[in-house]
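Pasting the structures in now, so scroll down.
Heads up, the next two complexes both have subunit A, just with different partners, subunit B and then subunit C.
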Partner chain A sequence: MQNNFVRVFVQDIGRKTLGIINNLGAASIFFSLAFVRIFRPKQVREIIQQIYYIGAKSSTIVGLVGLFTGMVLGLQLYYTLTKFGSEGVLGSVVALSLIRELGPVLTAIMITARAGSAMTAEIGILRISEQIDALYTMRIDSLRFLISPRIAAAIISFPLLTALFDLIGILGGYITGVVLLGVNKGAYFYRIHSYVEFVDIKVGFVKALVFSVLVSTICCYQGYFTHLRKDSYGSKSVSISTTSAVVLSCIMILVADYIVTSFFV
Partner chain B sequence: METPLIEFRNVTKRFDEKTVLDRANLSIYENQITTVIGKSGTGKSVLLKHIIGLLQPDEGSIVFRGIPVNEMKRGEWEKCRGQISYMFQNNALFDSLSVFENVALPLRQTTNLRKKEIIRKVLARIEQMELSDVARKYPSELSGGMQKRVAMARALVTDPAIVLFDEPTTGQDPIRKNIILSMIAHYRKKFGFTAVLISHDIPDVFFISDRILLLWEGNIAFHGTYDELTRLKHPMIDEFLRSLEGLQDELTGLLSKEMFRSRYLLTLGLGMGRATGTAILFNIQFDILAEVLGPQSPIEVVKALGEYVNTYFGPSGGFSARHGRGMILTVLPHITPEEAEASLQEFARELQEKALPAIQAHTRGSGAAKECFDIIVTAGMTEPGSDDDIDQIIEKAGKNQKIIARYKCNKEGGST
Partner chain C sequence: MKKYTLESVVGVFVVVGILCVGYMTVKLGKVSLFGDDYYTLRALFNSVSGLRVGSAVEIHGIEVGEVDHLTIDAEKQMAVVDLKIRKGIKVSDDATASIKTSGLIGDKYVSIDPGGSGEVLKPGGTILDTNSPVDIEELIGKYAFGDVNKNSKKEGK
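Our next item is the complex of A and B:
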């Protein structure tokens, strides 16, 4: 009886592990195939359109979140730094926190919530309503037409939005630190200039690139293979795929964040 | 013997435990319209999806111009696939693209045509499908019938050699159904494509089909012409045709062919001894009406003639059914040929005086008649023999045809 339970348990773990490895492999191939198709003809218009949806239309929400994140950081760090009499370094601490860590992570999570979920839902609906099959019958490569422009747009948009988030976040820290709490204006910017190095900006940029690949691949993959889900069908499968895409993207952002950070510390 | 364009050789397809196609064998020939009929859920769409490669058989092979698809190189198959166009049952239109963009999509994405050329081709197709007013609208803003026509425009815009139509007339009104079927027949004649069609629109779909395939329990139970199908006395086919056909012809309001046959057998048919009656076969010759006034015109003329026949001969116990695109057979039980002749003359006069001038008004109103055309209605009478079946009556009445009404326009729009 106990042996049987152990066997079932091990089988279950084995099956799930194999499933994860299988999916990882499939997603990697999916990304590779879509990536090479970015450079095929007739892509520029589609990519620009996707940059508008993923990038330009996310800028307001990213800016808003960046502003309040910077303001909260300014407030919290001022409170902590005054205990050590070091409120003069507020600018550098706010900037480093944003550029190295919070900027890329929060931007990626915000884009996942806004554009990533939309990608999965849209592609999922195209799949279940046979529109992807229709592309096949018209000899239009669905990976080139649907997936490549989204991946390209994400790779272009993520670093730009991260930079926007960082800038507005630093401005938010300035509002609370300098305008509201009276930290010296010159010290705030001088410390940023002194302590923020190129490697810090590079970390943020690399993270933004890695997150863009992860989020766009996960979201497109979940939508594209919606019809293969075993747990649901039709519109229900689109909703489950969308939820899975957002959850998985957020988890992978945090896991990748740790891995990338460990290379630059 | 002619090599089939597409062949299924022992094709089997299963979905989990369910076998949809079970060692199915069929042949589709070039430049023909082949109609696949069968009950819902018997795998007609699955069959069509195998042709274009959306589904692959679990067993057996699909052969394209004599070469099995699974033995073709990727490039060869892509070349074959490039000749095929597919119209989906649920249209599969891109809901984020306008009607124009949907129709233009295959040209924009798969050809190197100039922008002007694409616009010209797309607008021409949109106009042919009477969609000019909605070209800027999105599919969700259109009725089901309009969406169907957009899907058809998209399927035809690349001038394909083979077109697979999955229920192209579903959701259309009787006139529109006939227009779509006429268009398929007309384009086939004009561009010489091969069409494979799934449709339940009996009898209209049979009038344009060269071959019919009946899919029954995963296999092809019948393949042949419409005449062969109707002559084949098989309970399964009879039951199936009856289940599709209904009681009335949707377009004209006349009896369906099956109902007509039953009624004929009850009144004058075999075993009815010395029952008397007369049969009249009406035939319409359209000349170039469709080219001048569009594909809907012949259908409207058939509809008008059907209604006239029904109104005129119905009250005296006559019953009628269409037996061809422009062919109506009327049986007048208990009426002698002499009495029938008198009725026919009166009917012809009314047709000439009332029905045909209505067409004249239509052509003047539309302002489209730049060329002249004739519409000729002929009729032939016969007295059904006690052993005659319907085909024999049609043959006999067909030999006695004479003109009973004629519409002939002149360049000023008048008629003679």
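Our next item is the complex of A and C:
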């Protein structure tokens, strides 16, 4: 009896681990197949369409989040820095924390919430209503037609939106720090110029690129293989896929963020 | 009613994004697209402790360039500092370069007194008159072990 329980427990762990490794491999193959198909002819039109959804339509929300992140950073850091009498470095602290850390991460999480979830739901519904199978019968490569444009659009949009987020965030810090709290205007911008190095900007953009690959792959993968879910079927599986895509993307963003940062320190 | 075409919205988005990226890399990251608006001068110091590549170079307190390269001259047993100075800033051959600290615990920077003789240093020229940084630890050490006192007594005699 006792022995049986232990065996089942160990078997469960083994099955879970194998499942994770299996999924990891499948997702990597999925990404590389889709990535190669980006460079097929007649993809530009589709990619532009996807940039419109992933990039252009997300820019308002990313700008808004950036503005308020910068403003609250200005407020909080002013409060802390005045205790040391060094509110002059406010600009550099706001700019560095935005460019190195908050910009890429928050942008990626916002795009996951806005565009990633929509991606999974859309592809998932195409899958359960057998439209992907219909594409197959028409001899249309569904990876090339559905997945590649989304991955390409994500890789293009993420760095651009991150840059937008960073600059609007710095402006937000300016609004609270300089306009409302009266930090020296010249010092704010001088500190940004003198403390932000090229490596800081590079690490920000490397993060944005890594996140773009992670988010687009996870979201498309979850949608594309909705029908293989064992825990449910039909429309229920689309909702579960969408949830797990968003949750998994956010976790992977934060894990990858730590790993990329540790490479550049 | 279709107000904007898809292409123009995406176009505006990409242009704004690229402008932001460009601003960040060129203005904030200080990537010089045209590297030829600087010339190099060389200065020999006994010690450049605390100085780093990228530290500021100032004349009369105004930033005119940065430290480009740090090496050791094995023959003369001195530290060689290559300075990138903005074009149009003239430094004479009797100029003095000294390493100073901004504030008590701030960053080290190179301060140049441009000198007054008529001979202007050419690109690649060497500033001969240099002052190494004041070693605060050494000063404190001297103070703690009473060296400062002895020295001043000697001078008094």
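Points worth noting:
Note that in this section the second predicted complex is superposed on the first by the 263 of 265 C-alpha atoms of A that agree within 3 Å, B and C clash if a C-alpha of one lies under 4 Å from a C-alpha of the other, contacts with A are read in each partner's own complex, and residues count from 1 in each chain.
We take it that a residue touches a chain if its C-beta (ideal position, glycine included) is under 8 Å from a C-beta of that chain, and two chains touch if they have at least 3 such contacts.
Keep in mind that this is a model prediction, so the values were computed, not measured.
Applying the stated contact rule after C-alpha superposition, one finds that A:Asp12 touches neither subunit B nor subunit C.
Of the two partner chains placed around the shared chain by superposition, subunit C is the only one that A:Ile192 touches, whereas subunit B remains out of contact.
When both complexes are overlaid on chain A, the residue A:Thr137 reaches subunit B alone and has no touch with subunit C.
Looking at the shared chain after the overlay, A:Leu164 reaches subunit C, while subunit B stays out of its contact range. Judged by the touch definition given at the top, the superposed model places A:Gly55 against subunit C, while subunit B stays out of reach. When the two structures are aligned on the shared chain, A:Ser129 is found in touch with subunit B, with no touch to subunit C.
When the two complexes are overlaid, the chain among subunit B and subunit C that reaches more residues of subunit A is C. Overlaid on A, the two complexes show subunit B and subunit C touching no common residue of subunit A. Against subunit B, the residues of subunit A that register as touching in their complex are 42, 122, 126, 129-131, 133-134, 136-140, 145. Contacts from subunit B toward subunit A in the complex involve residues 52-54, 78, 81-82, 84-86, 88, 90, 92-96, 105-106, 108-110, 154, 158. Residue ranges on subunit C touching subunit A, taken from their complex, read 6-7, 9-10, 12-14, 16-18, 20-21, 23-25, 27-31, 54, 56. Put simply, subunit A touches subunit C in their complex at residues 48-49, 51-52, 55-56, 59, 95, 99, 156-157, 159-161, 163-164, 166-167, 192-194, 196-198, 200-202, 205.
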